[in-house]
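We call the chains A, B, C and D, going by the order they appear; numbering starts again at 1 in every chain.
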Amino acid sequence: MTTIDMSANRRTLLKAGLGLGGAALLGTIPRRARAAGPDKINIAFFTETSPSAIAKGNGWIEDVTKAKINWIEVGSGAEINTAVAAGSVDLGIGIGSAPTAAGLSQGIGYQVVYIRDNIGPAEELTVRTAANIKKPSDLIGKKVATPFGSTSHFRLLGFLKTNGLTQHQVTVLDLRPDALVAAWQRGDIDAAYVWAPAKSKLLAAGGEVFRTYDKLEAAGYVIADLIVARTAFAQQYPETLVEILKAENRALDVWTSTPDKAADIIAKQAGVTPEVARADLLEYDFVAPKRQLEPKWLGTPGHPGRFAEVLQSTAKFLAEQKSIRSVPDLAVFQKGINTAPLGQALV
Amino acid sequence: MPDATDGRRLVAGEVFVSFAGVGVTYGSGAGRVPALEGISLDFAAGDFVCVVGPSGCGKTTLMQSLAGFLKPSSGTVSIDGRPVDGPGADRGVVFQQPALFPWLTVGGNAGFGPMLRGESRAARAETVEQHLRTVGLWEFRDRYPYELSGGMQQRLAIVRALVNKPKILLMDEPFGALDALTREKMQEELHTVWRRTGMTVLLITHSVEEAVYLGTDVVVMSARPGRIVERIAAPFARREGERSSRETKSLPAFVALRERVLSLIWQSAET
Amino acid sequence: MTDSRSYRWLSVLSVAGFFGAWYVVNAAHLAPANLLPSMQEVWAALLDILHNGYRGTTLWENAAATLGRCLGGFVLAAIVGVPLGLWMGRSPVLAASIDYILQFMRPLPPLSYLILLILWLGTGDTSKVALLFLAAFPTIAMAAMAGVRGVNRQRIQAALACGATRAQVFRHVVLPSCLPMTMTGLRIALAVTFSTVVAAELMTASNGLGWMVFSASQFLRTDIVLLGVLILGVLGMALSRALLSLDLWLVHWRGRD
Amino acid sequence: MQHRIRLRAWTLLSVALLIAAWLILTWGGLVRDLFLPPPDELWDGFVDLATDGYRNRTLLEHVEASLWRIGAGFATGTVVGTLLGLAMGYWRPVEALFAPFVEFLRPLPQLAYLMLLIIWLGIGETSKIILLFLAALPVSAVAARDGVRNVRLQSILVARSLGASEWQVFRHVVLPSALPEIFAGARIAIGVVYGTLIAAEIIAGSSGIGWMILDAGRFLRSDYVFVGILSIGLMGLALNGALVALEARIVHWAGR
C-alpha cells in the first residue's frame, strides 16, 4: 500500500481503504498486547539473601513486565498479608509458609505461585554454648527468643511440642531479628530460633547449632519461603505473572551456575559482605522449578501436590495457638495454589 | 473626656428609659432564684442614675436587662419609647474589669465599634484620635492593653463605649478596681463628660459616696429578691460653677444624704 | 531574660560535657564498641549517608519524607480539628454527640490501630498520614472546644454593646480569644505527631528517617541508629521551637492578659 | 438539669447511630470481618480472651502487666521529672545545665531509640520501664519548671516578710503555687506514657495489652485487635479520670 493511483477506480480505493484499515489494525495489535499487562505492579519484598534479589537488583522484573514496579519493603509475612488484604500489594516475594497458611485460612485473596526455597537448616535453633544445652529437656527454665508469627516460631513451637515441653517450662520471647541479636550479645537469652543473617551473628557470638530441622521436617513441620500473587492480579495478568516467574527462574540459574557472581549482586542488595551472603545462601534448598511441580510440592493444575497439606497442618497448628480462628478444608489450600503460571514459564 | 452625644440634648423631664414591672429569675424548677422583682423605674434623658445596694441585690442584673444581655422574665424595659430587644451600639457598656481585647492595640480597641460598622480606616482614625487625645491615651495608640495601667485600661474601655456615640452609658462598678486617687480622678473626668454632653448615664456602684456625689438620682435596692427601696434625688451633680470634690463631700447636706442612703442600705440588708 | 542568657555558657558546657563523656567512654573502652559506637564512627556515618545516602535514599529524601508525612498529618488535623472544635464549643449538641469519641481516641496509642489503617487504606502514604491525623486530631479539636468555652463573657458583651452581630462576635472576639488555647493544643499535637511519625514508618515504608533507623537496627548498624536519633531529636526541637515562636508572635498577650 | 438530660440523649443517639452503622456494615456483608469484626465475633473474642486468654495469659493478666509498666514508668518519670523541673525553675544554673537534654528528649520519638535501649539495658522489664520513664520525664520537668516560673513574686515576698526561711518559701509558697501546672503536666505525661506503651511492649513481649494487639495484628485477628483497642481506650479513660479526680482533691484551688 505504498502508492495510491490517482486514477484508480472505486475498487482500488476500497482496497486501499481496507489495506489502510488493516495496517492500522495491525499497528494496534502490539499496543493491545502491551495494554494487556498492568502499568504498575506493587511488589512486597524482604531485604534478604536470596536469588530474588538478583532479579530485583538487575531490574529484570521491570524489563519483562514493561511496568512501573513499586517495591514495598516489608519486615514480616504478616505485613504482606495486611497489604494484600488492603489491596495495595499484587505480589509478595519471600513470604513464609506460616503466614501464608494464616492468610489463606483467613480468606486473603492470594495464591501461592512459586516455592522460592525450602528453608531446611537455614532457620535453626541456636543455643549459647555456655548454656550447655545438649538435649531438648536442657531448655527447661531457659529463655528462647524467636520472631512471633514467623516460620521460625512455628518450628520452635513444633520442636517444643514434639519433645513434650510446654511453654510453662520454657520461656518463649517475641523478638525481632535485630533485637534478638542485641539480646543475645548482652546475654539476655539462652537460645533463639531464627534465620540468616541474624543466625550467623549468634553463631559468631558464642552460639552453636542445635540441630532440629531434619526430625521436624520428618514430623511434618515443613517450612518454606513462597511467592504469592493477589488472585485478581493472577487472573487479570497471567502473562505478566509468567514473565515474572521466568525472571525468578533465571535468577536462580545465576546462583546455581555462577554462585560467586550471584553472591556479589545479592550481597549488595542485602547490605552484607559477599562471603556472608554466600554462606547464608548455601543453607537453603532452592527447589528447582521442575521439582516444584512434582506431587511432593505444588503439583500441577488438576493434580494438587502435598504442599497444600503442609499449609493445612501449619494452619492447624496456628489455630491451636489462637493465631487464627479456624482451619478451612484442604480444598481451600489446594485452591490457594496456582501452578499454571509456573507450568507455562517452564514451557 | 470626649463629647459623645453630638450635643444632642433631649428635653428634660421626658421619659427616656423605662423599667415597667421588670422581674428576672434565674434557673428553673426547685433551683429558681428570683433576682429582680417588680422593678418600675423611669428616668429622663440627661439623668445620671446611680444604683446602690447590698451585694446580690440584682444591680448588675438590672443593668444587663437594659443592656439587652438578658431578657426579663416579666415586664418590659424600653429606651426612647422602644422596647429593648438585645444589645446594641446605642447603649455603651463599661464593666468593672475593662474586658479589653488584648489582641488589638489601644487604637484598635478604641476603634472597635466603627470597625464593626465597616467604617474606613481613615474615617475612624479621626474619631479615635480625638477620643484618645482627650483621655491622654493618644501616645499609647500602638501599645497593647496589657501594657497600660489599670486606670488607663478603664479609660480605654470608656472610650471604646463612647466612640459609638451611645444614647446612654451603662457602667457596672467601673472604678471598683482602681486605687483611691485614680478613682477620684476618673470620677471627675466622667462628671465632666456628662456635664458637657448631657448624656444619660446608669452607674452601678458599691460606693454610696460616689453615688451621692455623681448622681442626679440615687436608687437604693434591697437584696433577694432585688427590689427598689427608694429613689432619692441628689442635688450635687447639677450644682453649677466650679467646685472641688473635697469641699462638696464635706458639705453637711452631702454628709446627711450619704448617711441617709447608707442607713437605707443597712435596713434593707437586715430584713 | 538577661538572667537566663548569662547562664548560657553553662548549657554549652553541659552539652560539651556530654560529648566529652561519650568520647572518654569509647577512648577508654569502658563500653563494648558494638553497644556504643564512637563519636568518630557516627560522624563518619553522617558523612557517608550525606554523600552516598542510606541504601539508595539520600538523607535529604528521608528527612523530607518524614517531615512531609508529619506536616501533612498535622496540617490536615488542624484544618479539620480547629473548625470542628470551634463548632463543638458553640454547639452543645454537637459536642455531646462527638466528645466521647474524641475522649476515647485521644489516649489510644497510635501503634494499636496502625495495622487497621494499613488494612483499610493500604500501604502507601495515605495510611501513614491518616495515622498522624488521628493521633493529632482529638487533641486539637478538644483544645479549640475548650478555647470557645473559656471565652470571657464580658468581652462578648462589650462587643455586643459596640453593635456587633453574632457573626462579628465570632469573628472578632471568639476566634481571637480561642487562639491561646488552640495554639497550645496545636503545640501538643505537633509533639504527638512527630513522635508518631516514626511509628508510621515502622511498617511498609521505604523511606523516611524512622525507616532509616529501623532498617539500620535490622542490620545492627548502631552508628546509623544513633545518628538517626540525633537527627530526629534536633529536627523535633526545631519543629517545636518554630511553632513556639509562631505561638508567641500570634498570642503576644499570652500570660499578660 | 433538663438541658443536661437532653444532651445525654444526644450522646446516646450518636452512640446508637455508630453501633447501627457497625451492624449494617458487618452483618449486612458490606465489610469483611477481616477489616471490621461484627459484634458477635467481637463478643466471642472478648469472652475467649477473658476466660481462656491469649498465649497463656488472660485479658486481665495482659491488662495488669501493662498497667504495672505504665504505673512504674509514669511514677518514676513524673517524680524525677517534677523534682528536676522544680530545681530548674528555682535555680537558673540548674536549668542551664539540664535544659538542652530535656529539650532534646521531649520531642524525640520513643520508637527511634528503642533499639538502643534494648542494646544497653536488655529485653527485660527494665528497658520497657525506662522507655516509659524517658517519655514522662521531660514533659513533667517542663511543666514543673514553668509552674515555678509563674509563681507570683508577691506571694514569695509576703512569705519572706512573715519570716519564712528559703526552704519554707519553697515548701509553702513555691510548691503549692506550682502544683496546678505540675498536675497539668502529669496529665500530659500520662498521655505520652500511654502512647508509648505499645512501643515499649514491642520489646520481647509475651505479656501486655500492647503486645497482644501487635501479635494479634500480625495474624489479622481483627476481633482480638478490636478487643485490645477497646480495652486500652477504656483503660486510658479510667486513668485520665483517676488523675482528674486526684487533681480536684489536691489542687482544689486551681481555676478558682
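Keep in mind that, in the parts below, a contact is a pair of C-beta atoms (placed from the backbone, for glycine too) under 8 Å apart; a residue touches a chain by one contact, two chains touch by 3 or more.
Just so it is clear, the structure is predicted and the values come from calculations on it, not from any experiment.
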### Query
Looking at every pair of chains, which two share the most C-beta contact pairs?
C-D
### Message
Centre to centre, using CA atoms, which chain is the farthest one from subunit A?
### Response
B
### Message
I'd like to verify one number: the distance from the centre of subunit A to the centre of subunit D, where each centre is the average of its C-alpha atoms, in whole angstrom.
### Response
40
## Note on the structure
Cα centre of subunit B to Cα centre of subunit C, whole Å, reads 49
## Note on the structure
CA centroids of subunit B and subunit D: separation to the nearest Å works out as 51
### Distance from subunit C to subunit A - Cα centre to Cα centre, in angstrom
38
### Summary
Touching two or more other chains in subunit C are residues 34-35, 115, 119-120, 217
### Query
So which stretches of subunit D touch two or more other chains?
34-35, 115, 119, 217, 220
## Note on the structure
Shared-interface residues of subunit B (touching two or more other chains) are none
### Query
Hey, which residues of subunit D end up touching subunit A in the complex?
32, 34-35, 48, 52, 54-56, 115, 118-119, 122-124, 202-206, 211, 215, 217-221, 223
### Message
Help me check something: in the complex, which residues belonging to subunit A touch subunit D?
### Response
76, 78, 81-82, 85, 99, 102-103, 106-108, 145, 148-149, 167-168, 171-176, 178-179, 182-183, 185-186, 188-189, 318, 321-325
### Query
Residues of subunit C touching subunit D in their complex?
3-4, 6-11, 13-15, 18, 34-36, 92-93, 95-101, 103-116, 119-120, 135, 188, 191-192, 194-199, 202, 209-210, 213, 217, 222, 225-226, 228-229, 232-234, 236-237, 239-240, 255
### Message
Looking at the complex, which residues from subunit B come into contact with subunit C?
### Response
67-69, 86-89, 91-93, 95, 97, 99, 101-103, 112-113, 115-117, 144-146, 157, 160-161, 164, 170
### Query
For subunit D, which residues count as touching subunit C in their complex?
3, 7-8, 10-11, 13-15, 18, 34-35, 92-93, 95-101, 103-113, 115-116, 119-120, 150, 188, 190-192, 194-199, 210, 213-214, 217, 220, 222, 225, 228-229, 232-234, 236-237, 239-240
